[in-house]
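Per-chain numbering from 1; labels A, B and C assigned in written order.
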């Protein structure tokens, strides 16, 4: 009873004529806060409900991916990449494997590439579904979120069928994949895509034209093209600003140049544009998967280059080359030729680039991953200042920060 | 070993790329080395010319690199090369659909480089990260704090001489205000 | 002898209060917590609560009620460091008291002789409701300011602004009803709705005489009770849980219970004021209906309508996203206020013209 101090002192000071509106309240949003997916902290300065300043602090999920990688064999890094963007782990697997293949100067067989495209797009869809669901949930549309999670479950069952795991996939290898398509995978895939499309159209009806939803996301977090480029935005957020940059088109890798798809762009880069761009990208990804499944060629799923994968058991026991290869792969690991490469792929959040330096030995000298949402989180103050505190939710949701990718 | 690598690099890039030639023409003294290993156009430049080269890359219509894609460093301690550090900048031009890698070499006892945060906004956090991980000093950066590690962390973890299993002491809990004043100083 | 004691007005009122609260409001409020979870699970393709069991008997999740109750009773009643002790401790009960007090003036069935199914039929009637709902503002404000938490402070500020604003529109929206039925007394309004238009065709329910008033009043009531889509004060995603962020155990449950009791309160108010109250439409055509059948039918009708409006609010919550705080206020002051004023004026003219 004796101290109503804060409120009373404020009213006292106010009645004595001091400017009440000038007082800025600092509030720590995060690291443990429902709207902070993963862990990140925003020290937010509020004038009433209005955000006047923000200082993001990241690094809570820093696990030393780069340091660990530089102390591992090349092949041992693939499981670490699962944990980067843990909502779309296959894209990381694919990105890293393709980077090492570029370092070697080899290519995976076409069947492996088509399979990678299918699995990569599935991962992109799960990434977008999670992001959109989370945005919707946080502004109150909980039903939408659970419907999307349901749809994501269909896809993760496919991922499980292919890789044996839902998140920790560890599926690609240098020069191919760990396994071929399982029996009946393509028919399962077609089945799941039909279900996914149903959910998409249901959710479209539920939310996309909902007046309250549009009010909440329209003109929130708008970003100009120039700022977006300067901040190094890539992926859906850059496209929402109206710039059709997609690594799959700009620097085609894998077999994306043989597939027909469109790149959706927005106009003002607000949260609604980001929402629509992601929704459309899910539909485009479905198209890509369907095309890739139609075009799926026969053939091996792993390169037949020597020293890229373990030789067959009959070669290990039957001839000397096989035995030597096996021994060297176990003892020394892969030894890409010396050099440095940068391999960009389109991740769920944007350009995910792997910069690798090899000195020709079994350990990498440098493994650097360009985290797409690093730039996006860096732009959070620019996006939120001038908005209300409740707008942090859709803005940060549409940034789709993934802790594992941001902090590595 | 070091000779072997450099010969390999020059082997795969016998002729200079378009951008390399442009940079060589514009900054004849600055470009010291170049290659295009696996098609990645790479130019190594002198530290003194770095900022003007960056400005040229962004502003000149023949380059117009709108996006500063990535910034990192490489510690070449175990490669036994000198100077020890190599700054690596990746740029992307949407206008010309091109990429460029720019490298600057820094000696261990003088790992300082001009900050280019005023050219691309993305650089701000990238430089903080690079400072945090490698201890590179970016001259002119307004707010060069640690970003991934905490303030009290000692050393720079991605340097090759930082042991991977080194443990840092636990921190004391910080004091907090018992009854806060909602941002108002009483 | 016992009957005489019971028929003393004060004793009778206490018994009625206990019956209405303990047998109607609280059980319905409690069951609604479970029904909300079950209904939302149906909407969202989930199973919903079904795990709590006694020897394998789950009762489709009914035991979760007991489990939740026990859990919150045995949970530690925490108080944050630096909180304002007394205010912090009493704050949860304002909302609960206000929610329960609403039922004092709501008739559940028609009178039998001198005995009414209503705690008290006071002259000010609905004005009492306005007075009581203002009381629940204190719950939110005190909880918000005494918790020593910035999130709770933000939530408390939002709650007070929103509730005080929406009280205005709530009152204005009801003006039409007062004019049409010529009284603020609840029994008068309910009886007024037992008239018919065009012979015996359409009952003169409030929803037909005051359609706009119904929409406005319902909206204002939902905002007043801070249910979705007007739950910015709780804003679980940005200010975590708003004003009751720091509470735990039974005190937290008191907030939750208050919310659900208020949900029932809203539903029964809507039924009483706009859907004929306890009057079963066209029942007067059955001339010699026994009194006990009439009373049972009336209780049933009232309960069914109340449950329907509870269901409607829950459906609403799980379908639409929520407003931002400033949008809630803009909706109130820029749309509801002019509309309710217009409604009042039009009603006045219509009454003047057609008597």
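Everything that follows uses one rule, which is that a contact is a pair of C-beta atoms (placed from the backbone, for glycine too) under 8 Å apart; a residue touches a chain by one contact, two chains touch by 3 or more.
If you're wondering where the values come from, they're calculated on a predicted model, not measured in any experiment.
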Innermost chain, where centres are averages of C-alpha coordinates: A
Centroid-based (C-alpha) most distant chain relative to chain B: C
Whole-Å separation of chain centres (CA-atom averages), chain B against chain C: 62
Whole-Å gap separating chain A and chain C, where each centre is the average of the chain's CA atoms: 45
Chain A-chain B separation of Cα centroids, rounded to whole Å: 24
Contacts with two or more other chains, residues of chain B listed in rising order: 179-180, 182
Junction residues of chain A, two or more chains touched: 3, 6, 25, 46
Per-residue overlap in chain C, given as positions that touch at least 2 other chains: 148, 150
Chain A-touching residues of chain B, taken from the complex the two chains share: 1, 4-5, 8-9, 12, 37-38, 40, 42, 66-70, 72, 74-76, 78-79, 88, 90, 92, 94, 97, 99, 101, 120-122, 124-126, 129, 133, 146-150, 157-158, 160, 162, 164, 179-184, 186
Contact set on chain A toward chain B in their complex: 3, 5-6, 9-10, 13, 23-26, 45-46, 58-59, 62, 64, 66-68, 70-71, 102-103, 105, 227, 229-232, 234, 243, 245, 250-251, 337-342, 344, 351, 353, 355, 357, 359-360, 365-366, 368, 370, 374-375, 378-379, 382, 407-408
Residues on chain A engaged by chain C in the complex (per definition of touch): 1, 3-4, 6-7, 25, 27, 29, 33-35, 46, 49, 136-143, 146-147, 150, 206-207, 210, 212-213, 215-216, 388-393
Contacting residues of chain C [partner chain A, same complex]: 40, 43-46, 84-87, 145-146, 148, 150-151, 154, 158, 228-229, 231-232, 235-240, 318-327
